[in-house]
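Labels A, B, C and D are assigned to the chains in the order they are written; within every chain, residues are numbered from 1.
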Amino acid sequence: MTQETTAKFNIDTVANAAVTPEVELPWAELGLKQNEFEEILKVLGRRPTGAELAMYSVMWSEHCSYKSSKNHLRQFGAKVTEEMKKDMLVGIGENAGVTNLGDGWAVTFKIESHNSPSFVEPYQGAATGIGGIVRDIISMGARPVAVMDPLRFGAIDHPDTARVMHGAVAGIGGYGNSLGLPNIGGEMVFDAVYQGNPLVNALAVGVMRHEDIRLANASGKGNKVVLFGARTGGDGIGGASVLASESFDDTKPSKRPAVQVGDPFAEKVLIECCLELFKHSLVEGIQDLGAAGISCATSELASNGDGGMQVELTSVLLRDHTLTPGEILMSESQERMMAVVTPENIKAFEAVMEKWNVEYSWLGEVTDTGRLIITWDGEVIVDVDPRTVAHDGPVYDRPYARPSWQDELQANHFNGSAADSERPATSGALAAAVTELVSSPNMCDKSWITKQYDRYVGGNTALAFPDDSGVIRVDEETGLGVALSTDANGRYTYLDPFQGAQLALAEAYRNVATTGAVPMAVSDCLNFGSPEDPDVMWQLAEAIRGLSDACMELSVPVTGGNVSLYNQTGTTAIHPSPVVAVLGKLDDVARRTPSGWREDGQAIYLLGTTADELDGSEWANLRGHLGGVPPRVDLKAEHTLGEILINASRDGMIDAAHDLSEGGLAAALAESALRYGVGARVSLGEVAERDGVDLFTLLFSESQARAIVSVPRSEEVRFNDMCTARGFAHARIGVVDSATEALEITGVDSLPLDALREAHEGTLPKYFG
Amino acid sequence: MTELPLIGSAAVADAPLSGARIGVVTFPGTLDDRDAARAVRLAGAEAVSLWHADTELADVDAVVVPGGFSYGDYLRAGAIARFAPLMGKIVDAANSDAKLPVLGICNGFQILTESHLLPGSMVKNDHLKFICRNQVLRVENSNTAWTSDYTQGQEITVPLKNQDGQYIADEKTLDELEAEGRVVFRYVGFNPNGSRRDIAGISNAAGNVVGLMPHPEHAVEAGFGPETAGEFSVDGLGFFTSVLSQIVGGK
Amino acid sequence: MPRIVVDVMPKPEILDPQGKAIVGALPRLGFTDFTSVRQGKRFELEVEGEVTEDVLAKAREAAETLLSNPVIEDVVNVQVVEA
Amino acid sequence: MPRIVVDVMPKPEILDPQGKAIVGALPRLGFTDFTSVRQGKRFELEVEGEVTEDVLAKAREAAETLLSNPVIEDVVNVQVVEA
């Protein structure tokens, strides 16, 4: 492939840098701190060249180096038992972790954030969020099989929310649908704290045979380094225009794109092309290009390998020929991959590229020098130890302390507050409360979103919206499959970050078990405010400590994730939002349990116990109250409940299961009825008495480790025995009854399903059309 | 009753007894090719992968042009794919005396209209959004190569998922299609995209070429397709068994 | 470099869903002067060297065959622009 | 009725996947003269009555606010056409 004549620049070579120590460099403009710049001087033993400065500055950014969170994140790797390692084929540190599914199958999944780009330009920001996480999955050697999209936007009635909502949802759909990846779940939370800082997280999951696992490393002297996919443009370097000082060419455009535009078609082709490379074993190592582009790919590949790497930068195919070397190194153009190929495989590699019509260029080769050398027209512009760029970046022990306001916040309980002055008590008020709850922004039906997503493509989707987890078949012959759920509750985490993070895990774990899957692995996306704020840093430290402890207790290892900091408007941080994704395994997806009732006469059981835990609840939220302490965490109970749900599903003891989370029992009952439009008669007196709570509390409290299941008559004895044997609270609270066409709860006015559905489904269309 | 939720087995059948070979075309950006191939296999035929750049049409008894976003659908859905070397062969074979059965699903339908194998065109959905839903269709013509296993007027449920699904044609063409019984499927209950006269799918005059926006290949296995009140539809299988009986019958 | 601009519009008799959505949105934003909006496409083709009659003819052909679908669209303009 | 034509193009520095797909297809169809293609939008706004300076200003405003996304697109042309 030919390149237009390369632009001429005032190239700052390594040789030049060595003899011109006095040159002023724009390190501060590139986001480096004084101490960080001094560290670079020390590492190199001279001043960096412009290109080296570009690389260090992007790779040592918070986003790439995890410098504020690294010290805390270590707990995820440390709090791991032998049992937890058993099925972990690839752990934290690679593009995504890999978990063994058995039968030679492996699964990889990861969740990432694309928050601030999605605020600036919701469509493209969200679209490229999907694109980026999918490339992480491809680079592990896997075929991506599904995506999910946990979202958090501002107040539903704020004028800017519609802009973000329309754009982000269309972008996620536009990109994911075009890749042929079913969307199998996500979240949608509206809260004013996210108004100027919406959260757009994206999860992708992929599957592969064990032998296809690929890692990001460049090994074997003489192997060739190739860049393929889209051409490199000025994307993502808008802020780094200071590098213009490299150039003496006046024709250079003054502007670099502030946002990246995704090309899902290019990515779809890239997926197929990579899978063909893997199938014929044509690449030794592979790395996607995400944040920090070529800087990241070359330094990570080289430092994970056994030698070094030499690369000629003028070989990079460009979309914009005015880019300077530093800009090329920093560019975040989408839909690109870098691979290491043995000389014998070059021809075969090129044949695959040509078949898929993918552009590629050979940049250089793996060496045994231990150095990463980058040249521009043969002149050395980068000569570094790649580890110092990719791994040995700065690490900060940021100060943190429990916020001064935390005690007061926790003392402000909902129970007895002004917001709690008119607690519904009559049968009419309780019915109205249930209706209000199911139509509220956070609890309402989300199909306005999900119907813009292809859930069917691939033909392996066994469960998706609105069930508790998405379930994807992996092996068509055996029915082996995986279940996934993502959860987080920013209000709980605000009230208590340690417990809040544990509750996020507990809920995702419970959702996976509810569909009958055995929870196996965790990925997390930690969305927090500024780490330079000791209050926020405390929230982050507590959340990581809580989550890592809980993972150990539930025996589910964290296999990867992402930290997104500085999510705040001015000095006001978002609620700490640790989004936790749990992946589980189903030996046969035919056994998956949906959330809705179907069969008349089946008994409805409530599993678990209820306490007065309304602090941070959806109900309190509807009444404008946020204070107190979140529901109590009981991981032992979560584990036992999980076992019951999984065994009951495996042994055919239950036909439907739905966990209780936000909105409590009221939400769960309504959702189970609306799922297939089959009603029930429910009586809660005995349970209320057993747990010592009133009917309202029983319906709206958000106590954890609870679920409702429907049990066929013939299985009731067996089911009861199982719960009793495990010492787990269970109570028969009703019976499925399609004839009522309503949800009948003793002490609550009858809730006709038609009206309930109208309330549930009307909300998003009302605001978003 | 203690029955488990119904999910069929997708185990790949052994070599099909029928001996029928049905081609499934892949373009860059095609998404539902593997699904179409699965449907072909579940119906009892052999699925043969066809590559858009091939200059010869392999020895196949019928062709499915599956859904997706060929070339990103950036210019117009199907506009670029239509010029693929293999499409020329498919058009010739469909128009030849042999009347090769061709089924275009979603993007495949759009490619067939761009190729002028079928009249009219698709534009953006009237609501301008991508839509994915379970759609009820009425079979208006059970005499085509792809619908003979249905009964006239039968209602079937299959998924629908698209961005540019609004079928349009001028009034004269629409009248002609109606008069000649070439409206093969109509949306029932709800028109999901503003298509003229609720048209979901049409055929050519000879009935060997059928195109439709909804996705029959996604309603062939209990457990993985459209579900209404807990029951799964496998209504899409009829497309593939229809063409199979015609092929086997004709052999 | 010289460019050829190709303009393609939906045929007048064809309903244009995007134009319709815009015309619906305009008054909500306080724009009340526009009675109808139609959305078409504008392509800018760059040519290396001179735009000869032959190159222009090629552009016209590309406009008719690839860039537009005659069933639903009209090529309303093919024109050279010096940049 | 007079019409106002508004042309919107993707910003030059922004990736244009649509143009890219077209430029890839052209040579396969035998069109080899075009080195780059960018795809934008053309809007035709119909005006009841006369196009005053004020109406044109409104059109310009609509072009900047509704018809284009200033983050990724430029309004390259707003012009009156008599029909």
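Quick note on the criterion: a contact is a pair of C-beta atoms (placed from the backbone, for glycine too) under 8 Å apart; a residue touches a chain by one contact, two chains touch by 3 or more.
Model, not experiment: these values are computed from the prediction.
Counted as hops between touching chains, the shortest connection from chain A to chain D is 1.
By count of C-beta pairs in contact, A-B exceeds the other of the chain pairs B-D and A-B.
Computed centre separation for the pair chain A/chain B is 35 angstrom, with centres defined by C-alpha atoms. Averaging Cα coordinates per chain places chain A and chain C 41 Å apart. Our note on geometry: chain C versus chain D, Cα centroid distance of 8 Å, whole angstroms. Residue positions of chain D touching 2 or more other chains: 17, 21-22, 24-25, 29, 39. Residue numbers of chain B whose C-beta contacts span two or more other chains: 71-72, 74-75, 80, 83.
Shown for chain A are the residues in touch with two or more other chains, namely 263-266, 357.
Within the complex formed with chain A, the residues of chain B that make contact are 1-5, 7, 9-12, 28-29, 31-32, 34-35, 38, 53, 68-69, 71-74, 129-133, 159, 161, 163, 215, 217-218, 220-221, 223-225, 229-230. Touching chain C in their complex are the following residues of chain B: 75-76, 79-80, 83, 113-114, 119-121, 123-128, 166, 168-170, 194. In the complex of the two chains, the chain D residues touching chain A come out as 10-17, 20-21, 24, 69, 71-72.
Here chain A touches chain D in the complex through residues 120-121, 124, 230, 233-235, 253, 255-266, 319-320, 333-334, 357, going by the rule given at the top.
The touching residues of chain A, counted against chain B in their complex, run 170, 173-174, 177-180, 263-266, 268-269, 272, 355-357, 450-462, 473, 476-477, 479, 589-594, 596, 598-599, 652-653, 655, 676-678, 712, 714-715.
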